[in-house]
Every structure is written in structure tokens, then in C-alpha cells.
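Shared between the two complexes below is chain A, which pairs with chain B and chain C, respectively.
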Partner chain A sequence: MPKKDAAAAVEGSYRAENFKRRSRYVLVFAILIFAFITIVVLNINTGSVHISVADVFRILLMKAGDPDNVSIVWGIRLPRIWMAAILGGALALSGFLLQTFFENPIAGPFVLGISSGAKMFVAILMIFFIARFGFMSSWVMIIAAFGGSLVATAFILMVSRSVKNMSALLVAGVMIGYICNAITDFIVTFADDSDIVNLHNWSQGSFNGMKWGNVWMALVVIGVTTFLTFMLSKPISAFQLGEAYAQSMGVNVKRFRILLILFSSILSATVTAFAGPISFVGIAVPFLIKQALGTARPLVVIPATFLGGSVFVMVCDLIARMALAPTELKISTVTSIFGAPIVIFMLIRREKAKR
Partner chain B sequence: MNRKTYKAGICLGAAALAAVMTFESGTAWATATAESSAAASSAAQVTQASAAGSEPASTAAAVEGSEEAAETSAQEITPPKIAGLTYDHAMELDSANQFDIFYYNDGYKLIDIPVSGEYLIVPDGKQAPDGLSEDITVIQQPLDQIYLAATNAMSFYDKLGCLDSVTMTGTDESGWSIDAPVKALESGSMKFAGKYSEPDYEMIVGNGCDLAIESTMILHAPEVQEMLESLGVPVLIDRCSYETTVLGRIEWVKLYGALMNKEDEAEKIYDDQKSVVNSMQDFQNTGKTVAFFSINSDRSVVVRKSDDIIPNMISLAGGAYIFKDLKNPGSNSASVNLSMEEFYKTAINADYIVYNGTIETPLSSVQDLISKDNLFADFKAVKEGNVWQVDKKWYQSTAEVGYLVTDFNTMLTGGDASTCHFLQKVES
Partner chain C sequence: MEYYLKLDQLSVGYNGKTLIHDINIGIHKGEIVTLIGPNGAGKSTILKSITRQLALIAGTVEFNGKEIHSYSYKDLSSWMAVVLTERMHPELMTCHDVVATGRYPYTGRLGILSAEDEEIVDESMRAVNAEDLGSRDFNAISDGQKQRVLLARAICQQPEIIILDEPTSFLDVRHKLELLSILRGMAKSKGITVVMSLHEIDLAMKISDRIICVKGDHIFRYGKPEEIFEESVIRDLYGIDNGFFDPLFGSIELPKPKGEPKTLVLSNCGRGIPVYRMLQKQDTPFIAGILYTNDTDYQLARLLAASVIAEKPFEPISDAAIQAALEAIYRCDRVINAGVTVGTGNARMQEVLKAAEKSGKLKTAGA
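So, the complex of A and B:
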């Protein structure tokens, strides 16, 4: 029975391949979860003030111990760690969605001007609001950054109604970034030195001074958006195989594209609103995760990207706050310094493997 | 939601509208802002602005300006009612218009700083009264663990003999030009706890910080102030730099004296500097003109507004600031950026040019200045060897800032340059 043998051989090969693939997924997720737990523990236990592991456990479990140490762990370290985890994941996922939308691996919130839109609004606020009213709340800045990101996105969406070519749309996004930067520079012309210094500080991103109110707000916005994105896994999977294929599978491509860029923008806008622009994560992490998993399947890549983004940003944040303590490095400095060489290395290795 | 958050919330729409209006009407908005700022200013600012903006003010007029301001300020004082406390008296202020201090029974004091807020100083062993408004920040004495990020206040703490209470600073060793904090940082009695925008919260909380003193730069990083407050650290925002008179700025020593229960010492420090400044009343108007400037990294020339403290000091010393009516509409900044062309046409005939080395790197020689722009070689002051500079120490020596007036006078009258505190003649 040669036909049956051949079918059995194919099925066996498919099973082996499937097993190999699943094992790889399990291994990647296991590594990510292990790294996540390790970096959370390291972050909780590391800081300017030495708190013993036993005390940290007592503080975490019972909120008991030296009141200052309780404040340090619960009021400073934990909100910061969770914000780095939540926002890092959101940024990486945002990058993945934009790359899917534009079918281009370099698409990210930075490249498309979404961060520039946020910076423009924050500049307007810093320079005119403080000059006029003398003070402002951090929530006002958060709302401004969020609004700025969404305004930039709205422009990209408007252009997308006329421009169907993804490369051209990407270029349009870059141009919107330039326009936002030009407006920011124009506003800065009228700024005091203190405004310029503070705008520069903000535009480098930081997780310093995160509060529980920020954590809950970010958790709700990013949690809901991530869940909705995950629900889009199948249409994304179909879209990855081509627009025509997605249409044949019943995907309303026009609406799907709007949702994709909307979710991506909400994610990156939330990150920029709370922590300022953070460069590179949106490009590097999805790339590294897809390389590690050996697939671009959204069902696997979405959770892995989120987890990978969390781990990457938490590691970078630990370096940012401890490398030159008590002076803190800007988070974008660390993400770029550590992220860019990794991607270059991976690209070279992949090209060598192809040969 | 506290008062500030509420106000900020309702003002967001107004700010957005204002921003839009700016692009539509440009100068009109800027003028409106300038007008509203002027309206909010005290009598002292108006007096000084007009003094610096017209003919070179006589020394007496400049000093009188601050006295008039003091009278106006005294008339406007309305002590806040605090349930459970009995109002006693207000601190008499001579020149400062950016704060008021009210005294209540049992040693309670209330500091009121416009924009920054109200602060109730609670004496050691006492508690804040029940039902105290949430808008009033409580500062509990004793204050022996202070995080000081407002550099100009360090000089006051030094002069008051309270430097041991400042255990954390927002400026590291390399950023200090005055000796006291450098020595304290070297000895370890003071630690660098991160700059104002990125403080090391762990160190601040771990050291049991009683008070954070910030400059108005913190207003651009509201999340830092909110975080410190959420950790139980009261934040006092110093607005000393908004005083437009020499004595007004020095008088802030009284605020820090009240914080540290050293009112008498503060009074003496102020009186000493006042006598230095008042001694200038005898100076004759020399008729000499002075340009005070620096060159920044984009090669623009940074000069002071005509109603700033520096033109006021030059006037007190018997000189005249070369820019008669220079303003910076819509901005709180004391400085204005000019193109070289604009600076050149006005300052070329100045009798003296003084380089501001407090922020930019000081000049090593006159040639160093010319290398920044060859046009300087045409300046009258350069040709006549009248190039001076003020060093970084001045900016941080707030408690002795009055000596810059005597330095200017020494310069204008050809006195002994070696007696100057902050000014130095730039070698050819």
C-alpha cells in the first residue's frame, strides 16, 4: 500500500514538525515568563536603599516593616515596575500592529510621527499653559500627549483614504512626523530656557515617579485594547497572507485597517502619555520575537510580543535607574543603546544563515 | 481632587483655545499675556520696569521703588483664617513681594507664596489643626532632613548656619560654585539625591525627608511634585528668582529663617545686605552704559530684559543698562535672545560689556570673546579694554547678591578690580 505509506509518512512528518514548532513556542514562552519573573524580583529588590529579601517579602505580603521601606516598595518600586511591564508590552504590541498594517518591519510609533504629535501637544501645553496659568497637573500633560498621538493618527488615517500604497502611506506618516516636529520647533522659538530643558527631558521618556493611579489607568486602557487586538488574531493572520486572501476569508479590509491603526495608536498614545516617547522598542521587540518563535502567527506572536516588550523595557529601566545612580539615565537612551546592536546582530546572523 | 488639579482641569480648554488663538492672532495674544503678567505683578515690578525703561534711573529712585513696594505689600496683607489657630501678626517685609508670612499662636506660621501655595509650619511637638484646608501644605518641624533642589536657597541656609539640615541636594558637586555645599558633599553630610526632574525617591524617603525645596522648574515636571507629596514629602516652591529688586531677592532669607526658626539671624543678614545696597544711594550717576550678555550654543546673544534685576543693579551702581525698553512678551523669562545684528547695533557703543559666565562657560580672554564673533572687535568697550564678566558663584550666592552692585560701581568708577566679589576684568 504505497499511497497509505506516503500519507502516513506525510502525517508523521507533519506531526513531528508540529511538535517541533509547539515545543519551540513553549520554550520561548517559558524563557519569557522566567525572564519576566526574574526581572520583576530583581527590580523589587534593587534600588538606592538596601532592603533585605526577607524584608521585601514581609512588605509585599503583609505591608509590614519599617514605614519608609514600605513606602519605597509599595509607593515607588512596585508602581514603576508594573508601569514598565504594562507600557513596555503595549509599545511592542503597537509596533507589531503597525508593521502588520504597513507590511513594513520599520514601521513604529516613532517613525510614523505618533510620538511627534504627542511631543507637539506637550510643547504647546508646557510653553503656553504654564506661562498663562503658572502650574499644571500631570494629568493635563497625560491628556495632552494622548490627544497629540491620536491627532497624528487621525492625519495618517485621513491620508490612508486616498493613498492605498502602503509604502507611500508610510512616507506620508513620516512627513506628518516632520510637520509635527516643525510646529514643535516653531513653538520652542518662543519658549523659555526652562521650557526647552523640560521638553527635552520629557521627550527622552522615563518611568520615574509612577503612581498607582497611573498604573490602574494604563492597565484598563491597555488591557482592553490588548484584549481587543487579540480578538483580531484571525483577521490579522489572514491579512498577513495578502489583502485579497483576507477579503476572500470574509474580512472587511477597510474596517480592519482602521481598527488595526486605531488600536496601535491607543497603545502607543498611552505609553507616550504616561512615560514620554520611548524609542526603538516598537521595532526591535516584534522583530526579535518573530525570530525567536520562527513564525508571525498573531495568536502566538501577540502575547509573546507583549511579554517580550515587558521584559525588555523592565531590563532597560533597571539599567536606567541603577547604572549611574542616583543620576537616572533616560529610558530611550538605554532602549536604543541595548536594542539596536541586538537587532543588527540578529540581521547579520539571519543573512549568514540564508547563505 | 485638589485645588490645583481642579483648576488645571478647567483651564485645559482655555489653554487649548489660547494656543489656537496664538496662531491666529500671534502678537495680540502675546500682548494680552504680557498685560496680564503686568497686572499680576506687584507695585515693585511696575516701578522698576518704568525706572529701567525710561531715563537711566537714579540710585535713590531705584531704592525708593522697593520701599514703595513694601508699603503697598503691607497694605494688601490679609491674614488667612485657620480654624483652631489665632492670628497674631504678619512678618514685615521690606522689598520682597513673592511671599508673605503670618504668625499664629503657639509658634504656628503660615507661608503664602503666589502660585506655589500656602504652607503651614507646625512647631516641633505640635500637630496641624483639625479640619485644615487640603490646599494648605503642612510642614512639620523640626526640619533636619531637607532635599534642596532650588540652588539659590543653599546660600541662605549657609548664611543662617543651617547647612547641616540640608542633607540632600539636587545638584552634584560639579554643579556648585560656592564652597559650603561642595565641602558638605565631600564630607558626606550632604548627598546628591538626583536632579529636580529625576529625584532619587528611594533616597529621599529612605532618609526620612522632611521637606523638598524646589525652584519653579518643578512646575514643568508636575509629576515629580505629585510623587513627592504622595510619599509624604511636602514640596515648597521657591520663587525668589521672580523678585525684580536686589533687596527683594535677598529678603527671601527671612522665609528660610522662619522655616528654621531663625528669624533674628535672617533679619540681621538682610539688614547687612540692605546697608550695602543703601550705601549706593551716595553713588553719583556716572552716565556710563553697560551691556550684560552671553553667547549661547546657537550663537544668539542672550541679554536681560530691561526690568530685570541686573539692569536694576547697574542702575543702583550709577550706570545705565544699554537696552532701554527690552521686553519678552508672553514669557516669564528674565532673558531675551537677540540676533548678533540686533545686539551689535545697540551695544557697539556701550562703555562696558559684561559677559554673563553664570550659565555659559566664562571667557578666558578678550580674544576668546572675539573668536565667538569677529564683530566684537568693533565694540567700543573692547577697544577701550572695558570687558568684564560675572562668574558662576554669583548665581548661587543669593544671600550676598547685593555685592554685585558694589562690584558694578567699582567697574564704573575705575576702582580696584581685586576688591570685587563676583565681577572680574577679562584680560586682553
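So, the complex of A and C:
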């Protein structure tokens, strides 16, 4: 074969390669969107009161039908589903950002103790506020959780400066989680009974009792942060080659690292503020999404991870609601059952790939 | 001519601690400059300081007459590319993806490649003969292939200067030569300046326009290869006592066998070389003779033989040389005739061969 033809064939194969990849992206997104819609409908129509699918659509689109059902859907189930969708996406995305930051696929807000740090701060403030004013606003919750996330992250960063070994870093994260939980327990033990009821419900982690006000607030905070994260796609992709190469490509690494920590903290803090700590979503979902897409390109992985996180948490919430109805499970119970085996599978696969 | 890259009173090191001080070096555009020196001498530290991975401790680095820290990272990236020693393990990236990251400074906000960018990626991969690696997973290819892909990545960035930290480690001989000839091609045809560190001094000598010798806490020597590659300089640089380096060909030899030589090798015209090597491997000290100093045998014998009986070229063999050879025959247990060509110039070699035969110690190489 003449040389020119060979070159042309190779070029052609790149085009074919690109086409194959894009088709795969489209397919994955189509499946995710389909799953999203299905799980939303399923979530609305199941519960102690069963509502037929046709009624669900009528209620959703026209707010027409049995007034009791309308109020169940619009007052209880819909805000809860939206919250699960928004917070689930945020959690998965926050995990993806931390994995990029630490160049470690097992990093996530829960294992690194960041969620526990947020929980501790919220618990302290909750007792203080409720004792003083009898209530606590969502904004204060978010800010407290954000503060707690940053403090826990600061600890992790301090450890990571002297500990280069990734598994050691994770162990440090788990330890920080334990310390924060111990402090939280300690505070709870000394709080008044009436405060504890609130705190206890919240710290268990649940999407129960979500109001539209909460949904809008979460939507604004997480929507803006997710958009800003998406705009960081390019430096994130550079960073995937390592810090030194990222810098040589023109990334201001110092500023970029700060943004990563800031965004991932805002995302996981918002989740913790509204629904308490939720485990394993941040690790399992980005892993599954990257495998499904066959790439780690942030431009596609960021939206897909968000969608995937939404679907994953909505499914888990449905199970939490229905498995032992009328008793509700903690959301973390369900996410752990599905998430932890995925993480273990991932570890085994990585070890195999090394050999 | 103005210097393109200028290191002025530069001190470099880690965490504010100086490792190497007072570096003063000027590099012209299109030159290949190589840092050599023992392990841990700080070659990487100097390179990292030029690429701004490390903060400078004192002094300045100037590009095109402007201090490097006055450029933004973005500006810098559009004319400086790097190939680093750090191993990278990108997740789920094909070689094509890795090379494409070189286009980073030229793409828009979201980093989407244009058709033209794709064209340049393909071209860069062809330049390093890696076009067949495009769709392979980067983590699944060999170290040598990785190195070529990383070079393609740097080329793809279309820089004016490429900084490479030990680009030839992990490469086999063929790929070493290939990589260096690609670099030379880029430097000479496109005027790209190349600054790198190399372990192979023989290759450094053959490819570089300038050599920087790094040793201890300072620049030991800086200059053209022919000024640097003298036996004594290389010995001092690497702190080796034995003669081991041939400045003519840049070849490296193991130290010569120690002890009283009991073997005499008679040869000329390069036929002694295989015999020297054999004796070297057996760790047998030997004497070589009678060699004209322009004989290729002489070049190697100088490094490997315990002593060499030498003669000035184009002269008949002197009495002194004959005397030395006869004494050697007397002292040695065996004499090896590795193949001696006798002509009118060196007719007196016949005397030596006869004496050897008479002593009963003569053997012919290979027999």
C-alpha cells in the first residue's frame, strides 16, 4: 500500500473512532434520561396511596384530578423527588471533583470525612439556634455545613501534605469522620430532648418532609455550582494528566485547586445540610458513569455524573420508602447496600489492571 | 545574537533551600542544549525551575528578553512544551486523547477540538511514528511507546521550546536514536529550541550544540561538546578514576582488569579489538603492541590494556619499541597473534613475531 493511502486510512479511522465515541455518549445519555423519567413517574405513583400512571401525568401537567392525590403529589412526593434528584446529582459531582483533586478514584465526601465534618458543624449550630430561637433557617444550615466541610477538607489537605500514599490518606479521612461523629454524638447526648428529635431525624439522613422552599434553595445553590463546575471542564481535563502537565498547559494550578475544593465543598455541604450525610454515591456513580461512557472527559462526564447521581439516589430513596413501608429506612442504608459493593468491585478491578 | 533563553545568576532548589547556585547560561534559538551529570546532581531541579514548576531562589530566567515570571501560565504554554519524568496514569484515555491535550492552549473555553486541531494531532503522531497507537489505551502501551506519545503531545502544542527531562530512559536503542533524531530534525528545520537532560553521555555528545555539566552545587562546565568531552572532564564530572571514556567516539568502557599482565596481544588495523574485549570479559590484564597511535586498536588498547607499546604513525618501528616488545614476550606467559599485517613501514614486526614463535608462547587468535 502506498504511504499516502496508509495515512489516509489512519485519519479515516480517527473519524470513525470519533463517531463511535459520540454514538456511545448519546446512547448513555438517552438511557440516563429514560431512567430519570421512569424513576420520577415510579416514585410519584408508588406509596401508601397508589396513583395510576395516567393520573400522575394528569396531576403533573394539569394539576387536575382527585384533590387529595393532587396535594399528595404536589405537596409531598414531588418536592421529595426533586430534592433527591438535585442532591443526588450534587453528591456524585462532588465525588468526581474530589477524585480529580486527589488523583484518586476512591475519594469522596463521605470517606474523606467531609460529610461528617459538615454534620458536626450543623449539629452544633442546630442545638444553639433551636435553644435560642426555636428554629434554624436553611441558609444557616448550608453555611454551617459548608464551614464544616472546609474544616474537614483542611485537615485532609494537611495530612495529604505529609502523607503521599493514597490509601493512608483515605484512612486519615475515615478517622476524621469518626472524630467528627464522636463529637456530634457527644453534643447530642448533652442536648435537650426536644432538640434531639430534630437533630436525630436529620442526622439519620432522609429526604422525608422536604418543602418547596428547600427545593428552590437547593436548586439555586447547586445549579449555579454545577454550571461553574461544567465551565471548569477544560482545566479538569488538563489536570487529569497530573499537576505538572496541567501547569505546562497554562492552568493556574493553585487557583484551580482552590476552585475544585470550593465547589466540591459547596455541593456536598448543601446535600448534608438538607438530607444529612449520604454514603458511597460520590464514589460509585462517577465510576459507573466513566465505565459506561468509556472516557473520563469532564465535558461529558460532568453532566452524565450529575444525571446518574440523580437516578441512583432517586432509586435508593424509593427503596428506602417502600422496602419496609410504612417504616422508612435511612437513605444511607440503601446507598451503602448498592454503593459499597460497587466500590469493592472497583478496587479489585484496579488491582487486576495493575498486574 | 540575542540569547533566546538566559539564566542569569540563577539559584535553584526546593522549599527555599539552594541546591545549585550561580547558574549563568545563554541559549540561542534552535539550539539543542543537554544537561549531563551524575544522578541527583540537580538536572531536574534546573529544568523544573525553567518550566516554573519550582520557584526560583535567586536570579532570573529570561525568555525573549522578558523575565519568565512576567508571563502568564497561558502565554507560557503557547510556546513552551514539556516532557516530564513523572509517570502519568490517565484514566480511560487513548493515546490520541493524550496527544490532543497538547492543543489545550489553542482551544476555546470548553476545550473542544476543531478539525484543524485534529489534523495537527494526527500530524504530530506521524512525526514520532506513533500513528498506529491512536486508539490504544495509554496505560496499556509500553514505556517506549508512552515516551513517543508524550513527545507527540509536546509537538502538538506547537512550541518554540521543548523541555525534556530524561526523555530516553526506558527506551531501547532504536527508539533512543529515533527520538533524538526527531528532536534534531525539529531543532534544525523548525528552529525549535530543545533543552533536556540525558543520562547517555555518548548520545549527548552526538546530538547537542551545547552541554551543561551539573555537579555538586554548581555548573561544573558549560560549552560545546568538543570542549566538554575530554576524558579528564568526564572523569571529574562523574567522579570515576578508571579510564573508561573515549572522547573520540563517545564510547564507554568498563574499567581495565587489574594485576600484573601475563598476556601480550600483537595486532594492528583493528584486528586486536575482539581479542581485547574477550580478555576484558575474562578479567585478564594484558599488554598491547606494537601499535601506531593512529591505529583503531590503539584507541581501545589505551582504555583496556595494562600498557601499550606504541609507535608514532608513518615511521619505521624504533629500537625502543622493539626492545619493549621483546621484554614483554619474555615476561608474559602467552603471546596472542590477533592478526598482524606487515608492510614496508612496520617491517620490523617480523622480528617480534619470530621472537614470539621462538619462545613457544605464541598462539593465534581463534585457534
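Everything below uses one rule, namely that the second predicted complex is superposed on the first by the 269 of 355 C-alpha atoms of A that agree within 3 Å, B and C clash if a C-alpha of one lies under 4 Å from a C-alpha of the other, contacts with A are read in each partner's own complex, and residues count from 1 in each chain.
Note that a residue touches a chain if its C-beta (ideal position, glycine included) is under 8 Å from a C-beta of that chain, and two chains touch if they have at least 3 such contacts.
All of these numbers come straight from a predicted model, not from anything done at the bench.
Legend: residue contacts after superposition of the two complexes on their common chain; A:Ala54 is shown touching neither chain B nor chain C. After overlaying the two complexes on the shared chain, residue contacts for A:Met62 are found with neither chain B nor chain C. Put chain B and chain C next to each other and count what each touches on chain A; the higher total goes to B.
In the overlay built on the shared chain, the residue A:Gln247 is in contact with chain C alone; chain B does not reach it.
Per the touch definition, chain A reaches chain C in the complex via residues 7, 10-11, 13-14, 17, 105, 231, 233-234, 237-238, 240-242, 244-245, 247-252, 290, 294-297, 299, 353.
Those residues of chain B that touch chain A in the complex are listed here as 4-5, 7-9, 11-12, 15, 18-19, 22, 30, 33, 36, 115, 172, 191-195, 197-203, 205-206, 208, 216-217, 219-224, 226-227, 230-232, 330-333, 335.
If you check the complex, the residues on chain C that touch chain A are 51-53, 72-78, 80-82, 84, 86, 88, 90-94, 96-98, 101-102, 104-105, 107, 109-112, 118, 122, 126, 131-132, 134-135, 139, 157. The touching residues of chain A, counted against chain B in their complex, run 47-49, 68-69, 71-72, 75-77, 124-126, 128-141, 143, 190-195, 197-198, 201-202, 206, 208-211, 325-328.
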